[in-house]
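Read the structure below first, then the notes.
In this document, chain identifiers A, B, C and D correspond to the written order of the chains, with residue numbering beginning at 1 in each.
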Amino acid sequence: MSNVANEKIAAYANRLGDDSLIHGHRLSEWCSNGPFLEEDLAMTNVALDYIGRARNFLTYAAELIGGGATEDTLAYERDCLEYTNLLIYELPKGDFAFTTARQYLLDEFELLFLTALCNSEDSTLAAVAEKSLKETRYHLRRSKEWMLRLGNGTEESKEKLQTAVEQLIGYTPELFEVDALEKDLISGGIAVDRAGLEESWRSACEKTFDEAGVNMPQAVWRVKGGRTGFHTEHLGHLLADMQFVQRAYPGCQW
Amino acid sequence: MSNVANEKIAAYANRLGDDSLIHGHRLSEWCSNGPFLEEDLAMTNVALDYIGRARNFLTYAAELIGGGATEDTLAYERDCLEYTNLLIYELPKGDFAFTTARQYLLDEFELLFLTALCNSEDSTLAAVAEKSLKETRYHLRRSKEWMLRLGNGTEESKEKLQTAVEQLIGYTPELFEVDALEKDLISGGIAVDRAGLEESWRSACEKTFDEAGVNMPQAVWRVKGGRTGFHTEHLGHLLADMQFVQRAYPGCQW
Amino acid sequence: MSTMNLNRSQDEAELEAEFQRRIDNEEKIEPKDWMPEAYRKNLIRQISQHAHSEVIGMQPEGNWITRAPSLHRKAVLLAKVQDEAGHGLYLYSAAETLGISREELIDALHTGAAKYASIFNYPSLSWADMGAIGWLVDGAAIVNQVSLQRTSYGPYARGMVRICKEESFHQRQGYHILMTLMEGDERQRKMAQDAVNRFWWPSLMMFGPHDSDSEHSGQSMTWKIKRQSNDELRQKFVDQSVEQAEAIGLTLPDPDLRWNEERGHYDFGEIDWDEFYSVIAGNGHCNRDRVAHHRRAHDEGAWVREALDAYENKRAAARTA
Amino acid sequence: MSTMNLNRSQDEAELEAEFQRRIDNEEKIEPKDWMPEAYRKNLIRQISQHAHSEVIGMQPEGNWITRAPSLHRKAVLLAKVQDEAGHGLYLYSAAETLGISREELIDALHTGAAKYASIFNYPSLSWADMGAIGWLVDGAAIVNQVSLQRTSYGPYARGMVRICKEESFHQRQGYHILMTLMEGDERQRKMAQDAVNRFWWPSLMMFGPHDSDSEHSGQSMTWKIKRQSNDELRQKFVDQSVEQAEAIGLTLPDPDLRWNEERGHYDFGEIDWDEFYSVIAGNGHCNRDRVAHHRRAHDEGAWVREALDAYENKRAAARTA
C-alpha cells in the first residue's frame, strides 16, 4: 500500500479512535456517580468497551503512522486542536437523561456504521468493527430499554429525556458528514459512507422515540467541526485532566 | 543571612504564596458565575488581589531559592504533593454561601495575620504584608457584610450559610498550626505566631456570627496536612487544569 | 381627526423637529430630554446588546483564567474580564436611564429577544485565542466604540469614552500575547496562527452587514446614534490590523488582501455572509451554551438576590421605625 | 415465668445448642436456617460494612480513572472499579438474604449507622496511589477475605470465594503499577515511595485493633463468622508485603521492621492507634466527602429509580391486564 494511502487510513483510524476514546472517557465519569450500583457497573462496562475500541483503532493508526507513534502518544500528546473526534462525544456527561439519549442515538448509529465497516477492504478495520459490533448490539439493547424506561416512566423522566434530546439533536448531523478524506476512502472500499446511513438511523430512532412517547425533533441548529479540530470549549478541559500525568512526567513508562 | 535561614524563609514565603495562589484561583472560578454582575466583578477583584499577593510571596521565595527559580516555576512545576497551601484554600468554591463563609473566616484570620506580619524582621515579608493588609481590610468589610446579608436575609440563605459553616469549620484549626519551621522563624522574629491568633480570631468571628444569627460551632472533626503536601483530592484536579499549558508546552515564554 | 389629536400630532411634529435640530447641532440628548419613542427603542436595543456583549464576552475569556500559563497572564486576564464586567455595568446603567430595568434586560437576553455580539458564539480553544480575542475582537470593538464616543445619547457617549480607555489596554495585551507566541517555538507560532485563522473573519463580521443590507443603519445614522457606516469602520479595522499582523509575522487568512494605492486602503476578500447569518441563526458552537451559562448563574443566584433584598428591606424598615 | 415462656426459653436454648453444634461441625448456615438474632445482626453489620467498603472504595480509585496515564492503565483501572461494584452487589445480596433491604442498607451508610473500611477515608493523591491501593489495601483485604472463605454463613462464604479470585488480580496490577514506577525515573520512584509511605500504616490498621481491644471479636470467633484473629491476619499481611517491597526496591516506613528468626515472622512497629481512632471518629481527609458523594449520587438518581419503578409497574399491570 502506498504511503499516501497509509496516511489516509491512519487518519481515518485515528478519528474513529478519538471518537471512541472521548466517548469512553465521558462515560467513565459516571463511576461512583450512577443512580444505583447496578447501573454504575453497567455504565463503566460500556465505558470499558469504548476504551478497548479506542485502543484498537489508535494502535492501528499508530502502526500506519510509524516513527515511534503508539496508542498513547496519540492519546496523550495531542492538544485539542489536533483531536479529530466528532463534537457529540466530547459534550459533558450531563444528567442521566442526557447520557441515555446520547448513548441511544449513538448506539443506533454505531450499529449501522460498524455493520458497514465489517465489510471494509481494510482487514484490520473490519476486524475491529466485528468485535465492536458485538458490544454495540449489547449497548443498544440497554440504551433502548432506558429510552423506554425514561420516556414511559414518570412525567419528570419524560421531560428530562425530551430536554436532553433537544440539547443533543443539533450535534447529530455531524455523524453523517463525509469530508474529502472519507470520500476518497469510501471509493477505495475502506471507509463507511456515513451519509448513506442517515435515513435508516433516523427511521430506527423515530420508532423508539415513538414508543418512548418522546418527540425526535429535526435539527434546527447544527454544530460541527470536530474532524478539523474545531472543537467545543469542553474538550480542552477534558484533555487537561486526561493528559496531566503524562504531560507532567514526560517520557516515562507507566 | 545564612543559607539555612534563607531556605527557611523561602519555604515560609512559598507556603504563604501557595495559600494565596490557590485561594485566588478558587475565587477566579466565580468569573461569569456570580449571582449578579456587580458581585461577579467584586469577586474577581478579590481574586486578583490574591493572585497579586501570591506573585509577591512566590517571587520572593524564588529569589531566595535561586538557581533559576521564578514565581512561575514554583506555581507551574510542582505537583500536588509538593504544594504547601493549607487545605481550606483548595476546597472547591461551592455555592455562594460556602464562598462567603470561607472568605469571611479567612479575612478575619488574615487581618490578624497580616497585621502581625507587618512587624516581621524580614523587610520583604513586612512590605508584602502591608500592601496585602490594605486589601484585606477591604475584603473583610465586604465579607462581613455578606455574612450579615445571608444570615439575616431569608430562611433559605441562613440555612445555606449554616450548612457552609458546618462544612468549613473543621478546616480552620489548621490555620493556627505552628510546625517546626514556623516555630524557628517565630523565634527569629520573622514568622507570625499563628497559634496566638486563634482566640482573637474566634472572638471576632463569633461577634459577626451572632449578628448574623448563625451558630459558629466548635470543630468536632479537624483535617490538616497541607504544609506537608498531604492534600485533599481536590488539589490534583485544580493543578491539572491550572498547569496544563505549561506542562504541555514546556520551556516556553508566555 | 379631532382637534386634540391634530394638536397632539402638531406638538409631536414640533418636538421631533426640535429633537432633530439638536441632533444636527451635535447636541447631546440626556435622559430627561424628550425623544422619539423609536429613538428610545433603538438605543435600548443597541445599548443593551452592547452590554450583553460585554457580559457574554466574559465567558470565552473566563474559560482560560484557570489555565492562564503564567501568573502575570493570569492576573492580566482576570483584570481584563473584570473590566468587561465593569463595562457591562456602565452600559446597563446607560440603558436603565432609558426606562428599562435590569431584570427586563436580563430576561430579554435569556429569551433571545435581545442579542449579543455573535463573535462570542465562537469557542475559545487555545491560550492563543486570548491573544486573538484581545487583538482582533477588542480591536474591532474599539474601532466601533471610538466612533460611538460621538453618539448622540449622552450617557452612552460618556460610557464609550470610559470604555475606550480600558479597551485599548486590552487590545495591546492581546497583541502582546500573540507577539510572545510568535517569538516562541514552532508549536507556539502554530497556535497563534491557528487562533488568528479562526478569529479574523468573524472579527470582520463584527461590523455587521454591508450598509446596503443593514436593517437599522439608516435611521441610526440620521439620529447620530451611529456615526460611521459599517463598511467604513470595517475598512479602518482592516487597515490597522494588516500592519500589526505583519509586524509580528502573522498571516491574515485572506488571499485577496492587498494594498490599493488608489484607494489608500487595503482591499480584502468577500466575507462569507452565509457563515455570518448561520451563526447568528444558532449554528455557532456556543450559542446555546452562552445563554444557558448566563441563565444557570442567574438561577443559581436567585436565592442570593432574594436574601439581599430581604436584608435591605429589613434594614430600611429598621431605619424608619 | 409462665409454662409457655419456660417452654419457649427451653426451645430457644435447644435451638441455640443445635446451631452451635452445626457451627462447630463446620456446617454452613443458610438463609432459611434458624439463627440467633445476635448472629443475624452481627452478620448484617459485617456483610453490609464489607459491601459499603467496596462501594466507597470506588471513589478514591474512580478519582484517577480520568487521569490514568496510559490507555492500558485506564482500561485496567476501569475494570477494577467495575469489579468492586460487582463485589458490592454480591455482598448487598448476601446481606439482603438476612432480611434487610437495599434501601435500609444505603440509609444506614448515609446516616453513619453503618461504617465502611476507614482506609477509604484517606485521599488518593497521585497515580502511585493506584499502585499502593491495589498492592496494600487490596492485599490486606485479600488476607482477610481468604480467611472469610471459611466463614460460617453460606452466602457470605461463597461471595468471598468469587471476590478473592478477582481481588488477587487487582493486587497484582497494583503491585505492577509500583514496579513500573520503581523502574522509572527519579520522580516516579519518589512518587511510588511517597504513596507507600502514606498507605502502609493505614493498611495495617485495616485488620482492626489488637484482639484484646476488639469489641466484636470474641462472639464472632465463636460463631465462626471470623476464622482468624486480627493480629494473626495482620502478621500474615506484613510477612508477605516485606518481601514484595524488597523485590522492587520500596522501603516500608517502619524502622522497627525486622525478621525474627525465633518467631518465624517479621517484627514490626506499634501502630499509632490514636490515628486509627481519630480517623474513624471523623478526622480523616475524606470522611465527609465519601458519604456526601454517595448521598449526592443517590439523591440525583432518585428520579431515575422512580422512573424505573413506574415503568416496571406499568409493564406488570399490562401483563396482568
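Note that a residue touches a chain if its C-beta (ideal position, glycine included) is under 8 Å from a C-beta of that chain, and two chains touch if they have at least 3 such contacts.
Keep in mind it's a predicted model, so treat the numbers as computed, not measured.
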Pair sharing more residue contacts (C-beta pairs) when A-D is set against A-C: A-D
Chain located farthest away, centre of subunit D as origin (C-alpha): C
Distance between chain centroids, defined by C-alpha means - subunit A, subunit B (Å): 42
Centre-to-centre distance between subunit C and subunit B (centres being mean Cα positions), rounded to whole Å: 36
Shared-contact residues (touching 2 or more other chains) in subunit D: 67
Subunit B residues counted as touching two or more neighbouring chains: 79, 240-241, 244
Chain contact graph, described as a line, ring, star, complete graph or other shape: other
Touching pairs - complete list by chain label: A-B, A-C, A-D, B-C, B-D
Residues of subunit C that touch subunit A when the two form their complex: 60, 63, 67, 123-126, 191, 194, 198, 281-289
Residue ranges of subunit C in contact with subunit B within the complex: 55, 58-59, 62, 65-75, 78-79, 81-82, 85-86, 88-89, 92, 127, 177, 180-181, 183-185, 187-188, 293-294, 297-298, 300-311, 314
Footprint of subunit B on subunit A - complex, ascending: 79, 237, 239-241, 243-244, 247-248, 250
Residues of subunit A defined as touching subunit C within the complex: 79-81, 87, 167, 170, 220-223, 225, 230-233, 236, 240
Subunit D-facing residues of subunit A, complex: 21, 25, 28-29, 31-41, 44-45, 47-48, 51-52, 54-55, 58, 71-72, 75-76, 95-96, 148-150, 152-154, 156-157, 160, 241-242, 244-246, 249, 251-254
